[in-house]
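Can you read through this structure? Questions will come right after.
In order of appearance the chains are A, B, C and D, and numbering begins at 1 in each one.
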């Protein structure tokens, strides 16, 4: 069965390591913060200028001067630091963030990602997404594997305007964990109860499934 | 008579304006700080990361963590700010400093300046001098007009390695205040008792002296 | 010290020198740390045909959105403009020119403009529409695009505290683009919550040195929250 | 929070990963704000053929000069190296390679290296020996040269205070190149005067966020003054 939003977040959380600085995009990636293993410390970077983002505030703590990149009110954890936007993107673009998690509309076998714009609809802008995909070595894209109509989002070539070129190596969909390598999708794990053939059927780009593909464990 | 070091500093001080941020090089320029008019406030920038440099400290105030660009112990004035070297040169190179005063070995009619290196002697490095001459619009070079042997330092073409190209517009020597414009030296003022002909004789580059050239007033 | 006193007491004087057709660089992220009082004064003054550089363009009722509604903006350079319905209409009609710029590139462009760096290379945007017409160059086996810096005729900034010399301190994530906007402006004006005497701010703790600041005014705008989100547990 | 505790208690562990032939970026201006304890440890460790990037090269007895005297430096990238007699001899003999770099360009190269910017344009050095072999380009009628950024395999930094997460605060002009060196290093190690608990440093007043810092050690080096100058009146 396809992963729920919570399961997607739980699976991403398994990629965390103790001492990681992590940038979480809006949507599903945000949920990852709820599943940090107890024996592990990670710090969340918010690209509007905060390292050490905490949980949402209690009513009494709400502060208009303390928001995240999604413009939501947040708190800081102990040991947080605050800085301007150039410094924040120096961290991101300089490769200092250990893991970046973000959503996408499409990815392709060349590691391209499209995530910010659907022509004909309102152009809202790329915000920090282009910086994040270009700056990080370690990126996990979370997305649905295909549209509700069954149209694959894992393509030979992205059809939408790109957010970044050749920068994505790991994709977690509601059906599969996939590595992008040598111009192919490589199936690493299946969502529980989902078969390799089901995944192949919903993957437009070439999907390599070598040997026994394990189910995800939660 | 040729100006003394103190007179050079006094004449430069006449170029100050209320509210100016000023960077003073090592040597004679440093003395300018002693002649700021009473009715005027200026702030001194030291390129190692200090805006609002004060006088030398009393014995009891000496602080190894508070030095100027000449590595001398200094103090801060009220309202000073401290920053890193990139920020310091952002100010300088971004043109935010109102006046820069620095010494030179040679200048020429093209506005070139040589001030950091004499081939064959020890190469000590340019420090911040290349940044200062490239970053400032308003620069005054203070120097002796000629060597003790009478060899001009105001040349057609600098003979020493350049610190900056085409960036000097105003030179104060011990004999004259000169503007560099249209590939010529233009005599603006004479040191007291020094004649135009005496200045011409010690100026290799073409010197224009239109009309009555006033003596400097102190 | 008269020479460095940058305090202006009347909003009608704070925008002296701002003219039609100029480029205005603004601090703020969403509605956080925006110079609302200065924006309102630009509206009152009615300056037109502005090129505005800011991460966002406010909402229909707040932030730079009020200048958009009032048809004072000719061109917008921003990274994300999703919160303003009016924006879409003006953009679609061709009335408003928009240059979408990645957030990090935008921040770096402002800093570079203030620091005398006319252009720099970045991997951000390589291979995307952002790279159209820009030089691509390889360094150490990776592709980068050249981005030119931004300077403003005017910068409008929101800070927490200023001393009378214009030294600034920002509060929490209201800092965002404000120190960069302060660097990028030929004339930089700042709205603050508190004005203190020189010496009250520790020199080691000043975020923006006064050399970047031309005028300071005490503001009284309400701070707004776009996404008021509170803990559920 | 074990994950972010960066405190190392023994100097013998602080340089783990430093190898012959590496590039080391060092903070400090003259002898002000130099990581003397880390320099002494590099001497003790005996790592050789280093490329060292620092504004200055210390004196014969202090700062990076001790590594020079000990023949551990192969190449020096600096803006001003006048305070070290040994330097001249090694340079003249061809033993030491020297790349003189304008101070502002050096600072910007370190920051750019840390910020993922491989190159930038600057007016500094145009038309001088510094421009030899570098691309010249005109922007808005002015000539600029292209400078490439610097990253270090190792950065050695001196700060005033650190919390255990590696958040740093510098004191007065001992800040200088230190925050930039911290950004530029693949591995950044820091010597401090005081280690405090997380939360003791105000998030708004941290100069270098801990994300740039790998290890922190409590130093005990004496602070030196090169030009002790006192008021005469």
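What to note about this one:
Going forward, contacts are C-beta pairs under 8 Å (C-beta built on N, C-alpha and C of every residue); 3 or more make two chains touch, one makes a residue touch a chain.
In this text the structure is predicted, and so the values were computed from the model without any measurement.
Hopping across touching chains, the smallest step count from chain C to chain D is 1. In whole angstrom, the spacing between the mean C-alpha positions of chain B and chain C is 35. Centre-to-centre, using mean CA coordinates, chain B is 29 Å away from chain D. Within chain C, residues 108, 111, 115-117, 122-123, 170-172, 175, 203-204 each touch two or more of the remaining chains. Of all residues in chain A, those that touch two or more other chains are 50, 76, 82-83, 86, 89, 92-93, 135. The set of touching chain pairs reads A-C, A-D, B-C, B-D, C-D, using the touch definition from the header. For chain D in complex with chain C, the touching residues are 108, 112, 115-123, 137, 139-140, 142, 144, 148, 169-172, 175, 203-205. If you check the complex, the residues on chain C that touch chain A are 29-33, 55, 78-82, 88, 91, 98, 100, 102-108, 110-111, 122-130, 143, 160, 170-180, 207, 223-232.
Per the touch definition, chain C reaches chain B in the complex via residues 1-4, 111, 113-117, 163-165, 167, 183, 198-199, 201, 203-204, 206, 209-212.
Chain A contributes residues 46-50, 55-59, 62-68, 70-74, 76, 82-86, 88-89, 92-93, 112, 122-131, 134-135, 161-166 to its touches with chain C in the complex. Contact residues on chain B toward chain C in their complex (touch as defined above): 18-21, 40-43, 45, 51-52, 76, 78-83, 86-87, 89-97, 135.
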